[in-house]
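Two complexes are shown next, each including chain A; its partner changes from chain B in the first to chain C in the second.
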Partner chain A sequence: MLSGGYSSKKRVNERYKIIGFISSGTYGRVYKAQGKNGQVGEFAIKKFKPDKEGEVQYTGISQSAIREMALCTELSHPNVVHTVEIILEDKCIFIVFEYAEHDLLQIIHHHNQPQRHAIPARTIKSILYQLLQGLVYLHKNWVMHRDLKPANIMVTSAGKVKIGDLGLARLFYKPLHSLFTGDKVVVTIWYRAPELLLGSRHYTPAVDLWAVGCIFAELLSLRPIFKGEEAKMDSKKTVPFQRNQMQKIVEILGMPSKDRWPLLAAMPEFGQLGSLSAGNPRIHRPMGLDQWYHQCLKTNQYPTGPSSATPGSEGLALLSGLLEYDPQKRLTAEQALRHNYFSAHGERPSENCFEGSTIEYPYRRVSQEDNDIRTSSLPGTKRSGLPDDSLIGRPAKRLKEG
Partner chain B sequence: MAASYWESTQRKFWTFTKQQLALERRKVEESERVLVQQYPLPDRRLLSIYFYHQLAKLARPLAVRQQALATAQVYVRRFYTKVEIRRTNPTLVLATALYLACKMEECPQHIRMVLAEARHCWDMPVNDTSKIGECEFTLISEMNSQLIIHHPYRSLTELQANFQLTQEENALAWSIINDHYLTDLPLLHAPHVIAITAMFLAVVLKPAQGGLQVHAAGVANALQTLGNARSSSGPGTQNRVQKLVNWLAESNVDIEAVVDCTQELISLYEIWEQFTDKTCKDQIARFVKGRGLDK
Partner chain C sequence: MRLTEDEIYRSSTQFRLWSYTADALASLRSSTNVTASQRVKAAVKRHREARKESASNSEAEKTGTENGATPTAVLEKEVDCLTLEEEQKVVDAYCKQAIRLGEFFSFPINVIATGVQYLKRFYLFNSPMTYEPKVIMRSAMFLATKTEGFHITAENYASRLPKTTAEQVLAPEYLITQALRFTFDIRHPYRGLNGGHMEMSAIAHGKAAILPSANKKPAELQKEMLKLPLRPNGPSSQTTVHSLEKRLGEATAKANKTLKSSAILTDAYFLYTPSQIWLSAYLLADEVLTLFYISTKFPDGVDPTAPAGVSKSRLTNTIRACAALLAAGLSSVNAGVEENVEEIRAIEKKLRHCRDPDKMDLVKLNKAHKRDAGTDDKLEESVAKRRKLEREKNEKEADEFWGPELPKIGNGVGTSAA
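Moving on, here comes the complex of A and B:
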């Protein structure tokens, strides 16, 4: 259409030197890069794969890439990964982000090795505080993240927490269609809120707060709290009821009730709850979050009695507010931020989550196998022993819209 | 952003003063001086009307929502402040803008559907989706990936509740907002200023009598009313209008901006009467064919 066709004004290789490959996913690949020709510092460059492998033609950009580009350009907050620029070149899209040395999955992983040792309570408090500040900002701006999980929460070497991967994020102000119509499945299974598991069509930002609850629990126990197995979509592309995941939740929290969650019976999959206990006696004798919490603190040897070295009873109160079944009663990001947990012992959470900690976390591993960001053949190739999904049995990346 | 227009890229990068906008356009024209002289075009507002008609024609069979159509119009307007129109195939730009807007407004259309409809209702000779795909790269790149648009519709919804607009008034205000996309106003004023202007005009024009058709003369009268109401205080027959004007005066809203928006709309309604589809179509076809941009 333009005389001469599209040509990029900016070229990735003129501005960045690729140092190595970080990870890949359904969206494409992420590379670590160093700035050159006036561009200073380290960066993470996300390259979106074209819809079809080895695509030589323009096919139209996927909706999720469009969302991510638009949101990344618009958003700016110290606790949301900063987007440096977006380059469209040779039928590919590159989003250049500030580089973060760590992420929560990698940090949790480090504390599981060689044997389990707890993450310092102050580190956890600071992480959560920063995460919630980023989330307040997103929600205030009508952005739902919809894929919060440890692997998507970045941490810089200065201890700054940054929410990353807005690939499933979207605006939720007065949607033209129900959110369900847009994307049938959101949030990685272990972090998926009960209203989503029960098939809610009109969910709210509360889904992100459930995920924050799961992440909090995982930072404390170093294991995913609700580690269910995902039921795959059948050939007709109907969305299956995630029975096993729901069971995992009920085994700890107990069965949701209409008393505590008035709209429960209106959930499309409500009928499924009755049969959850078939062959699973634990459904009737749930552990209870209190017991889970106390056992967790004990196992990970957090000191007893009030002190800033333990998340203490305030931690439990916050956790139960986040892992609240009824999305309308669940704490909002703002309420969570004002929770006593953050003000107990007269100590403000640190702006640097590593403050006062002597633990050294390993640098992000980058592989040298694939250093050519422009020509490398895209996925199929699974990441090679890299932090992101390397903890045994991490569930697959959530499905993109069908 | 979506909540705060004040922090948005729309305010920071895509809202201009009239002088700035004129300067941007002059720069673009001067970069293609020969082309501009060789292929004269109708007034920008007439072209905008033409573009709107074309987009609406494409949007109807696809059942595209009004807001996506509005977003597409803003994309086209932004794009042509950066790129000289005579260097482009406008039909392709329109189809692509609508395709992109639908994705951004969460009512996506398949690229093949957009192409098929464009071929059907415009006789667009392009028969390859990759053309739309390539044009999408160009659009996004020229807009620096700043794709989120704040529309006045949302402000209107809030105002409607505050001022208890009747259904007719609301419908009229809504259609005035639709019309403002045919002018430069989306590049000149904040969405709430547009919404207030639309509401004000709707109340003054009394849709019950005039129907939804807005005429220049009517708007000019409304402007008069705004002027009168500002100078004379005290209760009059135009109670509701007076109330509105008082509210305007007490709020932080810039009345000059409302006056400016109203004038812009008057001139749109005036020039609309000269509009003929054919003139625009022919003059666009001249440079598209002449330069082989439809290939």
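Moving on, here comes the complex of A and C:
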């Protein structure tokens, strides 16, 4: 519940003890904090970059801060990161979130070290189930997340999955500026839906389901399924066609066809598809999702034959429903939740994704380098300082783990 | 997971934090007025004492001068604060002004309606005696452009307003953010109206999507609809689908007009839900159609004492009450600006003498709060020059629209601005 009565002048340092710094991005920085003076528990505090009034473009509270506040205050669901309160202090905005010890990126990373060992099938099922429940809630509230990726899916030590970072989320009944013109920050490319890659200006919640498909695949294989290289904007600031990313998708799924995707030819970048195969013979001999899936299960030594220790054939069926080219045919969050995968073997997915697992995941590392949340001139918060999250190889800049 | 539209609305901040009963709304406003009056009186007293002290100090220095006391005596009058009613009238006037401002910028209705609601929400907890409505209005509308994704730069926005700097627009942003309790999302009735129109149009074409509880077929509903009387209690008619479409179009246009004016200016958003509001606006536009539409949501010939019958009559009563509020709002809108311009001018004159002296200069207050405000006015020369040209052009445009200066209600806010 948001307390923040209009007259209350709470101060961040009176209510929270900053334990360390978690991550930074274009928006500002995130800190880990301990509650004090009656505020109990651990929290993640997002501090938006303070205003720089000298700047030419200075135009008040940033639109992204306003959007995020507007969304966070409206949403409340067990599978969406909970907003505890918002504090305004010395013209800085702090959003206080519940704290989660883990995230999917960290979990995937842990399973890659010291050598690759698969995430238990039941863990994956529970993660996906909870993720989809959170997504159904968001979509029912007309919110599309637009930036789902492993780093943005939090997991508490009790195994509860929470969708985080609504910094790019939008209400989809409000007029949407296209991804390419309106927003400076670009959605992480590996999880980007084909309709976006093909230049669709108006898109739907289906983009989130594509990302869920990519995340599902990554949980299974422990590697991003479509790990393309991002084409950078050229000097003319025209948005490039993400050829390499589209190639990665086609290498596995095969070329999209007008039969399967009737509106394909209407996509602005449709013409680019023809030249994808130039110098890339794999485009003509795609692996196929089935083969990718079976190879993946084999590599990661999931048992063969039906059992709850393997995602099995239902897993493949769900995955192909999510990685469906045509956004109109792609499973919705609700449909995905009703999929056989979640009811096979008469076992309902657990509400705790760690249930039955003996794997110990390391705690989130926080840095002590900068613990003064109130200092305004921070390295890395200058607009010209660090590049966009999306421009760096891995989705979010974070401290090295392990 | 089942989530109905109602449940989603009930979880919104508009419902949880910004919905009131009429009584609660009245008492909230009254306590805001009382608190603000006390604060103004206390602040004025403090300022007078400080002035007296410095006056007597200077008197002590130049002994023999008796004149020093005279200007102080003039100020000694007890502060005459705005009454609750006067506060309301000023705020209402500025809400209307806010609509004109939004129209001047050709903002979409969502931006305008959101801006007006910000203004109304702000003055539930704050008095015009504390914060000047003209200043808050400009910022509230600017904030609304950000929420509704119709953002323009502060510089551009300010340059098109008479005698306004970007600094003045931005200064109260945090103040408003705090007053809004960080809730920026406003639920409007416009989409509901469009949905209702499409639904009714489907019924007219015999393609109604029927609720499972209703015991009718689309064709039967269509037949009924074609026979609807033209006015309440009128004889039943026999019309064509084509003229029914026309009737629907007219009713929707009329309802839309109500939603764009009266619905945002009255307290409708505080008292009713978006769907109640659009149904009420439709009721004012075409009562027969509205009641017919509502009846399609309930089983035919429902017993008034059965749960469905009870909720049907509750709904109708609520909508009638809301429609009465909207109708009153409409007649106030239609009465025009000229009628109460004298009255507003008088209140603003009174307001000039009961402003909270501590909150006069928001730009200065805002700066005092800022930790990073060191680098003022260090814009590159070329940028400054370009802006000046842009400003002059826009000002000319603005003058053409706004006409001559409004009656002065300024009190020095922003005189320090560049």
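We take it that the second predicted complex is superposed on the first by the 348 of 402 C-alpha atoms of A that agree within 3 Å, B and C clash if a C-alpha of one lies under 4 Å from a C-alpha of the other, contacts with A are read in each partner's own complex, and residues count from 1 in each chain.
Quick note on the criterion: a residue touches a chain if its C-beta (ideal position, glycine included) is under 8 Å from a C-beta of that chain, and two chains touch if they have at least 3 such contacts.
As the structure is a computational prediction, the values presented were derived from the model and not from experiment.
> Kindly classify A:Val143 by the partners it touches after superposition: chain B alone (first), chain C alone (second), both, or neither?
A:Val143: touches chain B, not chain C.
> With the two complexes superposed on chain A, say which partner A:Ala70 touches: chain B (first), chain C (second), both, or neither.
Both chain B and chain C are touched by A:Ala70.
> Where does A:Asn79 make contact in the superposed view: on chain B (first), on chain C (second), on both, or on neither?
neither
> Check whether A:Ser221 is in contact with chain B, with chain C, with both or with neither, and answer first, second, both or neither.
neither
> Just chain B (first), just chain C (second), both, or neither: which does A:Leu88 touch?
After superposing on A, A:Leu88 lies in contact with both chain B and chain C.
> Check whether A:Thr59 is in contact with chain B, with chain C, with both or with neither, and answer first, second, both or neither.
both
> Jot down the residues of chain A that show up as touching in both complexes, chain B in one and chain C in the other.
2, 5-6, 57-61, 63, 66-67, 69-71, 73-74, 76, 86, 88, 91, 140-141, 170-171, 173-177, 182
> In the complex formed with chain A, which residues of chain C make contact?
1, 3, 8, 11-13, 108, 110, 125, 142-143, 146-151, 153-155, 166, 169-170, 173-174, 177-185, 191, 366, 369-376, 378-380, 383
> Can you list the chain A residues touching chain B in their complex?
Going by the criterion above, the answer is residues 1-3, 5-6, 8-9, 57-61, 63, 66-67, 69-76, 86, 88, 91, 140-143, 170-171, 173-177, 182.
> Quick one: which bits of chain B touch chain A in the complex? Just the residue numbers, please.
1-4, 7-9, 65, 67, 83, 87-89, 92-93, 99-100, 103-108, 111, 129-138, 140-141, 144-148, 154, 291, 293
> Under the touch definition given earlier, write down the residues of chain A that touch chain C in their complex.
2, 4-7, 50-54, 56-61, 63, 66-67, 69-71, 73-74, 76, 86, 88, 90-91, 93, 133, 136-137, 140-141, 170-171, 173-177, 182, 337, 376-377
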